[in-house]
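Please read through the structure below; I'll follow up with questions.
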Amino acid sequence: MTAHQDDSMLGRARVADSPELTAYYGELADLEAGALWTVANKIEPWYPQPLSVPVLWRYAELRPLVRKALDLVKADDAGRRVVMLVNPGRRDVSAAAGLLYTGLQIMGPGESMTAHRHQAAALRFVHEGTGAWTIVDGEKLSVGPGDFAITPNGTWHEHGNEGEDEPVIWQDGLDIPLVNALDAGFYEVHPDLYQQPRPIRNESVLAYGANLLPYGADKWTRPYSPLLAWPWEPTYQALRNLAKTTEGSPYDGVIMEYTNPVTGGSVMPTMGAHMQLLLPGQATKAHRHTGSVVYTVAKGRGASVIAGQRFEWTKGDIFCVPSWAWHEHANLDASDDACLFSFNDFPVMRSLGFHREEAYPDNDGHQPTG
Amino acid sequence: MTAHQDDSMLGRARVADSPELTAYYGELADLEAGALWTVANKIEPWYPQPLSVPVLWRYAELRPLVRKALDLVKADDAGRRVVMLVNPGRRDVSAAAGLLYTGLQIMGPGESMTAHRHQAAALRFVHEGTGAWTIVDGEKLSVGPGDFAITPNGTWHEHGNEGEDEPVIWQDGLDIPLVNALDAGFYEVHPDLYQQPRPIRNESVLAYGANLLPYGADKWTRPYSPLLAWPWEPTYQALRNLAKTTEGSPYDGVIMEYTNPVTGGSVMPTMGAHMQLLLPGQATKAHRHTGSVVYTVAKGRGASVIAGQRFEWTKGDIFCVPSWAWHEHANLDASDDACLFSFNDFPVMRSLGFHREEAYPDNDGHQPTG
Amino acid sequence: MTAHQDDSMLGRARVADSPELTAYYGELADLEAGALWTVANKIEPWYPQPLSVPVLWRYAELRPLVRKALDLVKADDAGRRVVMLVNPGRRDVSAAAGLLYTGLQIMGPGESMTAHRHQAAALRFVHEGTGAWTIVDGEKLSVGPGDFAITPNGTWHEHGNEGEDEPVIWQDGLDIPLVNALDAGFYEVHPDLYQQPRPIRNESVLAYGANLLPYGADKWTRPYSPLLAWPWEPTYQALRNLAKTTEGSPYDGVIMEYTNPVTGGSVMPTMGAHMQLLLPGQATKAHRHTGSVVYTVAKGRGASVIAGQRFEWTKGDIFCVPSWAWHEHANLDASDDACLFSFNDFPVMRSLGFHREEAYPDNDGHQPTG
Amino acid sequence: MTAHQDDSMLGRARVADSPELTAYYGELADLEAGALWTVANKIEPWYPQPLSVPVLWRYAELRPLVRKALDLVKADDAGRRVVMLVNPGRRDVSAAAGLLYTGLQIMGPGESMTAHRHQAAALRFVHEGTGAWTIVDGEKLSVGPGDFAITPNGTWHEHGNEGEDEPVIWQDGLDIPLVNALDAGFYEVHPDLYQQPRPIRNESVLAYGANLLPYGADKWTRPYSPLLAWPWEPTYQALRNLAKTTEGSPYDGVIMEYTNPVTGGSVMPTMGAHMQLLLPGQATKAHRHTGSVVYTVAKGRGASVIAGQRFEWTKGDIFCVPSWAWHEHANLDASDDACLFSFNDFPVMRSLGFHREEAYPDNDGHQPTG
């Protein structure tokens, strides 16, 4: 709050309590009404007041508990065997940050889940294991570590692990809290419990994996990407190529967005996703923006300062940046790249006209930390 | 919940409690984590489970309390002197339905408010009084009973009543709860406290009030309508004209949307507004859709059945339809039109791909009302 | 051509003829080939070199000949009884300017035409007569002097005059030369020769004539306006209202575009239309732009300077401005408004990225007319 | 012309000549007017009547003449040393088909051209030579055989060959005839005659060459692709991948469009481009559509039937399909792929609402070839 942001100033609500008003408030409550001035300053804050706080979840700590779930619950009973990451400020809605949900799902060798669909959109980022597959509206996709895949809203989907030895652990990202906040959630179990996939695996990757559009793309009218998966290798290669031309954003380094190839827009209408590369030793400047972000360390080690708090991270760790929190990232390795995968609600911010962004003005762009 | 919507079926979470699991949940909580299956069925419901309930607020009951506020609080202390209508299920966020806020604002003769702006978008529907004015980004607008006006997100605005005898009561509609749910709220008091309006009143109505676009309209790039007000008379006339060609929607009768003339879209990116006309004796069929609606009776008298509950209404009354609630409307007057003004969050539903709608399948489209 | 636009400079084709080259050109011609440098400077001019020239057609001169057609040819033999206005530079394609066609159509009392449809888009501006009607895809429209109406590409249409005494003369505007230049013309005679119109006349005017959108407008997906006619009176009133707020464009005065209400764009994808008002004595400054325009004097009298040539006009006169020609307009009446209707190919220019515009830089914006 | 397409039927112009009419036509001509019915059937044809005819240009025949130009004219005198391919029906506008221009440009070892820009859009497809480069708005691109590159409208560009031994021959495609038909042509020689390229070559390929969008792509607002070149190898690989999932279009086989990655649309607003693969022995069915196409054989050998005329082709050959001409393609090699590069005016057809397409209805989709 700056000098110009004072709740006692003219233009803000500053009505003192009185017995008369107390009685009046009671009369209003009897009619399912209230006096705006009793809540105005709270519901019209000077700037965003997220309930979410910055959190870092260490993969090394989470992993044993995730693996333990394999023994504790059957997949068929759990629906999906997922350890969700819950922001201390958003326990009421099971969100990791803002209205975004995330969790780590584990599937044992040979295991598979039943098919369902829901209004909520989902995305996956694979942490470990080589046998993972997912079927999305009849397309069977194989995904491995570092791969990104989507399950757009309303698509039938089911998952499994066809590996023989190792479990798969992948991270789910969903907009469930957003869907619920807007009273828009629907859920269906597949009438046959399982889909019959088409014969060719990864067909959307074969058709849309390059920078050309296949025959029929002009007939695609759904509000999400027909391309359903982005393997790690070409994604990392794209970042390396981009790094030859630019140092990238001052706040994010060399960053690319996974996009819907038929529109150039975000992969789904409610969530976007990026992969970013920090060169050895690179440290970005701080900025803040509306919209919440969940980050996953895809490669390397580094540190991020979020709202003045420093978090060191290494591969597999997950952390979040709440809306309007200052944040900056650094690669702590002097010789190797660091890569951060992230997903966000930026498409919502842009669609609704809520996007705002500003650079940290002081100290050459870096927040003081303690 | 239908036969196919049973939480004990394969595909839903159905893990029984055990001491082992209880211990496990504690370990997870220590890491700011949790087991998805403990909340999955709740956060992924079969269909929307709004916290909002249908409510009708009677103008005859509210009006005395609204007028009382004139004596109880000074406008300069209240910020704005508003009695807000609060859904019993959304008291935590001061919403009338879903993530929509509404309230009745009163301004005494000669009174005026200070100027501010905020991320939240606002709209006005005038109930009574002839001296109301508002200044929106320098355009001074005079508005009277039945008129609809907007204060798009981020525009400087201030209001007043230049009448000499009577107070003005108008209804505000805002997306404050939505803005807060998305951690995107900003607020500023005008540095000069008051705007200097341009000399011509209602200039956007003069420029954009017909079905042609003025010079310069192709340069308008803001995400909301450059036309800021829609007076009652031509709006009612438009409905009467439309009624000559159609009985309108089976669910809404002869209904028109206030639109942004440069795009044909909704007036603002987060809220839409309609005026609808029910012919004497007309009764619509029931449907339901995602998205919340706040209705105000602009003319006549009638009844609506919402989620099986019947509400009789007359001019000035306000009622709400929560997301996915069945609803149908009837004009109870045999000889005069009834008109309902309404505002909604449909633009959000459409932008995010959340729009869904269905007709009431039984009983010739009418809900039983017990 | 400025000092920097010299065909003898490096960067332009400047190959001298030689016997060797002449022989070479013959060899190329044998293979249906040629040497670019022999035509390069012609086909890549420094700036547009329209074949069209400025022309003014006087209604007083045309009218007797148009009326004469009534006696000379039967409507059923002519298809439509139209005197077309042909630019001396575009006789090969029957264009009035650029790739725009215009003509004056006359229909005797009680006469009607057969129905057809074509790829070309058409528009009408009524000069005289009170009994004119047109049926467009089943909607019967009555149109009178000063009214503007459209027949979008691909719509079935037929016309007639239900007056008892006077012929109707209206002006047609079509994009026939454009359609032919792009080899895209189709034509069909209605299988029943005549349409059966729906019972309500002017239904699109009743539904879309105000600045609100009727029920169902969100389902309109055709590339043209669902509103098919704009009567004179409200159009003129809209200009008068706009004139209270602005002097309008320095080049066009108080000008409004007829628009597609569901998009805010031009009424059809290949032609746009405007009505403009020049206040008593008002004289605009000169500018030029890509795109061709055909003007019709709807009210009053004045003069336009086009490419340095002065044309005086009065009600009913038609004149054209070729692409990239300087032009400016003046109302020569000291006490009454002058109004110019116009149609153009600006939508084509904008869709293809060809729009360019500049102000006349000298002499306070006015061309010398020597 | 079918049974229903008879110029003597009611609904078509069928006015017989008479001395009276001849005199009348003279009177009209004196006023720069004419009678529509004298040209109506010609300018409103039943279906498109292109002046262009199907043509195949054999690379083996053209190549010697193209190489001869190297000796006959200096690049600096020619502007660009190009043998253009001229449709016998469009000699007046130097078009290869419809309003599309194409030519073969040759640059000797070490040669370079001066920089210019123009309203016309250009594209390149490299036939032979390894040293070709082009600078487009400061980006230097190296291009080799099979590569596709664009020079969008209004971009500064210059070309050269840095090879030491061999000339480069590439094919230019431009929309010059379209630009001229619309009176929209502008041309400028670069004030410094040569651009200073930025240090990194092929930077747009590095930044946009994958299926992700780099930092800053959301700020790209120009109406064409920021990606300027598509090398042959990944393009061919993309077709091979796509061929694993589909036989492609019945009319085109496995076909992909080069697209603007930030919109998913065509690479430029006036021209689109495709690469298509015909499997060994594959023969497509015939269809026809509005819009003109120029094909270049990128790989293999085959035959196309165009408007009933059969053309055998091999690598390097160029042929055209006029608007609305039936066409089908066949790979005549039993063991190797054939690839056709093509460019077209489809973006114009779509923008203006002129796109129409139909399948050949008889003989299992194949044209008789007499």
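Note that the chains take the letters A, B, C and D in the order they are written out, and that residue 1 is the start of every chain.
Everything that follows uses one rule, which is that a contact is a pair of C-beta atoms (placed from the backbone, for glycine too) under 8 Å apart; a residue touches a chain by one contact, two chains touch by 3 or more.
Computed from a predicted model, the values in this text were never measured in an experiment.
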| item | value |
| --- | --- |
| Identity of the chain that, by mean CA position, is farthest from chain D | B |
| Option in C-D, B-C or A-B whose residue-number contact pairs overlap A-D by over half | B-C |
| CA centroid of chain A to CA centroid of chain B, Å | 30 |
| Geometric centre distance via CA averages, chain C-chain B, whole Å | 43 |
| Intercentroid distance (Cα basis), chain D paired with chain B, Å | 52 |
| Of all residues in chain A, the ones touching two or more other chains | none |
| Chain C residues touching chain B - in the complex, by the definition given at the top | 200, 203, 206-217, 227, 230, 234-235, 237-238, 241-242, 244-246, 248-249, 252, 254-264, 275 |
| Of all residues in chain A, those that touch chain B in their complex | 4, 9-15, 20-21, 24, 27-28, 31-37, 39-40, 43-50, 52, 55, 57, 61-62, 65, 68-69, 72-73, 76-88, 93-94, 98-99, 101, 103, 114-116, 118-120, 153, 176-191, 193, 223-224, 269-270, 290-292, 322-324, 345, 348-349, 351-354, 356 |
